[in-house]
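Each of the two complexes below includes chain A, the first together with chain B, the second together with chain C.
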Partner chain A sequence: MAAPIAIHLEFGGGAELLFDGVKEHHVTLPSQSQPWDVKQLLVWIQRNLLKERPELFVQGDSVRPGILVLINDADWELMGELDYQLQDQDNVVFISTLHGG
Partner chain B sequence: MCQVDEDYHGPLQRAEVPSVSKKCVKCKEATAAVVIRAGDAYCRGCFKEYFIHKFRAMLGKNRVIFPGEKVLLAVSGGPSSCSMLRQVQEGLSHNAHKKLRFLPGVVFIDEGGAVGQSVEERQRTVAELHAVFKATSFPFHMVPLEQVLDLPSSVVVTAASPSERAASAYKAAVDHFIQSDTTSCVTPRQQEETLLPDVQESHTHSLQQLIGSAKTLTAKEELLNTLRQHLLVHTARTEGYSKVMLGDNCTRLAVKLLSSISLGRGAQLAQDTGFSDSRYGDIMLLRPMTEYSAKEIAYYNRMFRVPAVFTASLDTRTADKSSIQHLTESFVIKLQADFPSTVSTIYRTSEKLQTACRSSSTEECWDRCLLCVCALDTAAENASAFKATLISEQLSQSKSPKATRPNPESTAPAGQCCSPAGGGDCGKAASDGGCCSSAKAPETAHLRSLLCYSCQLTIKDMGSNQSSVEHLPQYILSEAQRRRRRSQMRQEIRDFLLDEADEG
Partner chain C sequence: MAQDVRCLKAQLEEKEKEIVGLKKKLAQLEKNHTSVLELYDKVTPLTPLKAKAALSNEDIMRYSRQLILPELGVQGQLNLSKTSVLIVGCGGLGCPLAQYLAAAGIGRLGLLDYDEVELSNLHRQVLHGEENQDQAKALSAANAVKRLNSTVECIPYHLKLSSENALQLIQQYDIVADCSDNVPTRYLVNDSCVLGGKPLVSASALRMEGQLTVYNYRGGPCYRCLYPVPPPPETVTNCSDGGVLGVVPGIMGCFQALEVLKIASGQGSSCGQQLVMFDAQDAKFRTIKLRPKQAGCAVCGENPSVTQLVDYEAFCGSAATDKCRRLNLLSGHQRITVQDYKSIVDNAEPHLLLDVRPLVEVDICHLPFSLNIPLSSLEDRKSEHLQLLQERISQLKQQMEGDCRPPVYVICKLGNDSQKAVQVVEKMSGSAVDRITVKDISGGLMAWAKRIDSTFPQY
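Coming up: the complex of A and B.
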C-alpha cells in the first residue's frame, strides 16, 4: 500500500483555460495499492480538476498531441512518459503549444 | 542547410522512448533535460547554447539586415515572438559572441477588440506586456488593431524598394559600422512611453462588425491576419523601420503551408512562409524563428524564464473542425506526435518553393492583390482550375431561375438563390451564395477583380450583399475606387498609348 503523495501541477500556454484559468495546483493523490504513475495521474486530473472539454486535454490515455509534459523540469520523454512513477513533491508541468491554447 | 539530413532517418521512423536519465548528446556529461528532433537529448547548458547560436546563424546566413538598421520586432505576447525578443536581447548583450548590430524596436498589436475581449482584459494584457517591453529598454509601440480603420490607402500599395544594395555593400557597411561605433552597439532612443491610446467604442464596434461579417472562422482568421499585417507595415513605415521581424516558428509555418494550400494560396506560399518577404517593397518582413519548433521554444521559455502573455485568439477552445487553419494544425500536430520529422519535412518543402516570375516587366499596383499585396494569380490560362471554377460559377448562375434572384440591396441569406439551380456546381467550401455575388452591384464585382483567388474566397465569405463589403476599412475601399478609376482611364486612352501591355 503506497502512502498518499503531494505533488505540484502547473498548466501553461493556454492549457490553464481548461482549469478555470488557474495555473498552479497543489494536490494530494490518495493512497492506493500500487504506486501512482503519470497515466493514472491523467485520469485523476480528468476526474478531479478538469472543468470542461476533456478532449482538449487528453486523448486516449495520454495528453493531447501538442501539449508538452515536463516532470521536475525535464522532458517527460526522458522520464518514461506515462509509465513514470510519481514521487512525493514531484513537479509536473503541462504546456500547450497549440495556437490559441 | 546544415540540418536537412539529420531529420531523415527513413521517412517512417516512429518515435522511440529513450531510456531513463540519458546523458546529453553534445557534452556527454550532464544529464539530458530536453529531447529535440528525433532522439537528440540535450542538457540545459547545451540546449541554451544551441538555441542562441541558431538565431544568430539564421541572421548571419541570410545577411539581409544591415548594421545600424532599424528593425521592428512584432511581439504578440505568444511564446514564439517573446522568445524572439529574448534572442535579440541576447544578441545585443555585451558578452555576446557575435553581436547583432541592428537597432531593435518592439510593436504589439492589441487584437482584443476583434476577438471580443473586455476593456479590462485588454488593459491587463497591455499592462503585462508593457512591463515586459520596458525591461528590454528597447523603444516600443502599443497599437490597438482598431487603428487599422484609419490607415492610408498607401498601405496596400507596394512602395518602391530602396535601391538594391549589392553584397559588397554589406561588407562595407559592416566595416563602417565597426569603425564608427565600437563602444555600445545599441543606444536606445529616449524611451517611448506609448501606452495603448484610448480606443473609441465605436471603432471597436466597427472592427467587430468587419470581422463578424465573415461567416466562417476560416475567413475571419484570414481577414484578421491581413489587417494585422497592414497595421504592422504601416507602423514600421511611420516609425522609420525598414524591416519587421515576425515570430512564426517552424511548427506554425508547416501548418500555415498546408492550410494556405487548402485556402487557394498556392501562388503566394513562398512569400507567406519564407524567411524574407518583400511584397511591400520598402518594408521587408523577416521570419527569424523558422528553425525552431514550437516544442524547443516552449522549453527554452520555461527553462530560461522568458515571459509570455497568453491572449485568447479566435480559435481558442474551438473544436478541431472549426476552421481550415485549426483543422490543419490538429492534423500536423497529431502526425508529429507519431512521426517526429513531420514538421521539419513539411517546412523543408516550403524552402524549395519559388513562384515563377510573371512575364510583365514592371509589376504595377494593379497587378497586386488589394488585400494580401501579393502578385495576382488570377491571370491564369484557359485550361486552369481557376478558369474552370469561374465557368462553372457563371453557368450555375445563368441557370438560376430569375424568380429567386434577389435584388442587390436584398439582405436575404446568401445561398438561397442558388439552391434551386442545383448546389452541385457551387457546393465548394466557403462559397455558399458565392455564385450569386457577381450579380450584385458592379462595385463588389470590381472589388473582387482586384483580389487574388484566395482573398476572393475570403470576401465571398463575407456575403454577397453590398453592405457587408462596406464593412471593409475605408483605406481598402478608396484604393479599390482609385484602381477602378485608373483602369477606366486606361480603357479610354488605350488607343493613344504606344506602350500597351501585351493584352491589357
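Coming up: the complex of A and C.
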C-alpha cells in the first residue's frame, strides 16, 4: 500500500484557463496499492480538476500535442514521461506552447 | 597693414568653418540618400558579407561601452559586424530584436514580414510609428533601424515565407530568429534551419507570458524534437483573440537579441537545450532543462522522413497567418446578417440579444439592451447565468403573448463564438430555454461596426 502523496501542480501558457484560470494547485493524491505515476495523475486531474472540454488537455492517455510537461523543472522526457513515479512534494507543470509574436 | 592682415585671417577662418559645415551637411545628405531602401518581394542572391579588418575610430566611439566588456571585446565586435541575421516577422518580437541587433552593430539584417502596419500593432511593434500605417512592416522596420545605425545593412523582404523560398533565403544568413505568429511558419522555419544547418533563436508571447529556446544549436534539439505533432488548431490562440501586453513580446524580443548577440560574437548561447519561460504577472523567469536531440525526430533524427520542405499549412491544419479563422458551424437558416438585425431593431420586433463575449470585451463596447453571458459560462452551464437567461426568455414570452418561440439572437466579436453559443443553447433542455428560436448574427459586432454603425468601436 502506497501512502497518500502531496504534490504541487502548475498550469501555464493558457492551460490554466481550463482550470478556472488558477495557475497553482496543491493537491493530495490518495493512498492506493500501486505507486502513483504520471499516467494515473492525468486521469486523476481529469476526474477531479478538469470538468469541461477534456480534449483541450488530454489526447488518448497522454497530454494533447502542444502541451509540455515538466517534472521538478525538467522536461518529462528526461524523467520517463507517463511512467515516472511521483514522489511526495513533486512539482509538475503543464505548459501550453505559445505561438504569438 | 597689420590690422588688414588680422581682419583677412579672421574672415578666412570664418569661411573655412563654413566650408567644414557645408561638407558635413553634404555628407549627411548623401548618407541619407544612399540609405533609401528597396523592398524585396522575392528571394535573390546576396553578396557575401565582408569581414572588417579592424574597427574604425567611429566604430570604437560608437561601441565603446560594450567594447570594454571582456565578454565582447574587439574580436567580439568584429564578429558581430560579419554576422547576418534573418528576422522572420517584424512584429512585437521582431521590432525590439532588430533594434538591439542594429544598435549593437550586427553586420546585416534580413527583415521579413508580409503584413502592413496597422494602428492596433503600435502598442507592441515599437519600430513602427503612426505615419507608417499601411506601409509594409518590413520597410518601416528597416527604415527605423537605418535611422538608428546607418552602418548596418538592412534587407527588407515583403514576402510570404513558403516551402518554395524558405531554404534559399535561410541559407544566405548565419543565424535565424523566429518572431512569427503562427504554427505552420514555426515548423517551416524550424525545418529550413535544420536542412540549412542554421541556429534558430525562437521566442513567442501571448497575454502575459513568453517562451524562448534556441533550436538546432550545437547538437541540441530542434522544434520538432519537442513538438513532433502540431497542436490541434482549435487549441491555438493568437494575439488578436487572446490579447497581449505589448511589453511582454518586448521583453522576449530583447531576450532573443541577447542570445543572437552571444552566438554572433562567439560567446555562445546557453539556451540550446533549455526553455526559458517568463510569467509577467508574477514577474518570474524560469529555466527548464529540455530533452536532447531526439534520434527519432522526423527532420533532425537519424532516419529523417522530412528531407525537403513540405506543405506546412496541411501538416498543421491551419493557415500561416494569425488572422482569425472563420468558423462555419451553423446552416444558413440559423444565421442572420447584421443588416437583418438592424431591421429587427428598427421595426422594434421583440427579441433577446445575447452577447457571449467575455466581460472584459463587453466593457470595451456593447450594443444597448444586450444580455451578457460569456460563452464559457454557457458551456459550463453556470446556474446563476442560466437562471438569468431563463428569466429574460420568460419575460419575452409574456411580452409576446401566445407566440411560443421567441427569437434569441446571439452576438460576439467576429461571429465564431456566437455560433458555438447557438449550438450550446440549442442543446440545453430546460422548459424555458428549449422553446425558443436561436440564431447567430453573422460577422458579429465588427461587421456591425463596418456595415451598420461606423461610430461603433473596432478592436
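We adopt the following convention: the second predicted complex is superposed on the first by the 97 of 101 C-alpha atoms of A that agree within 3 Å, B and C clash if a C-alpha of one lies under 4 Å from a C-alpha of the other, contacts with A are read in each partner's own complex, and residues count from 1 in each chain.
Quick note on the criterion: a contact is a pair of C-beta atoms (placed from the backbone, for glycine too) under 8 Å apart; a residue touches a chain by one contact, two chains touch by 3 or more.
Note that this is a predicted model, so its numbers are computed, not measured.
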- Task: Report for A:Asn91: first if it touches chain B alone, second if chain C alone, otherwise both or neither.
- Result: neither
- Query: Is A:Lys51 contacted by the first partner chain B, the second partner chain C, both or neither?
  - Reply: second
- Query: A:Thr28 contacts which: chain B (first), chain C (second), both, neither?
  - Reply: neither
- Query: Touch check for A:Gly80: first (chain B), second (chain C), both, or neither?
  - Reply: first
- Query: Common interface residues of chain A with chain B and chain C?
  - Reply: 12-14, 53, 56, 65-66, 68, 70, 73-75, 77-78, 95, 97-101
- Item | Touching residues (chain side chain B, partner chain A) in the complex | 17-18, 20-22, 31-35, 41, 79, 251-252, 255, 294-295, 297-299, 302-303, 310, 312-318, 325-326, 329-330, 333-334, 336-337
- Would you mind writing out the residues of chain A in touch with chain B in their complex? 12-14, 16-18, 53, 56, 65-66, 68, 70, 73-75, 77-81, 93, 95, 97-101
- If you look only at chain C, which of its residues touch chain A in the complex? 89, 91-94, 178-183, 186, 203-207, 209-211, 226-232, 234-239, 242, 244, 249, 275, 277, 279, 286-291, 322, 379-380
- Task: Using the touch rule from the top, collect the residues of chain A that touch chain C in their complex.
- Result: 12-14, 51-53, 55-56, 64-68, 70, 73-75, 77-78, 95-101
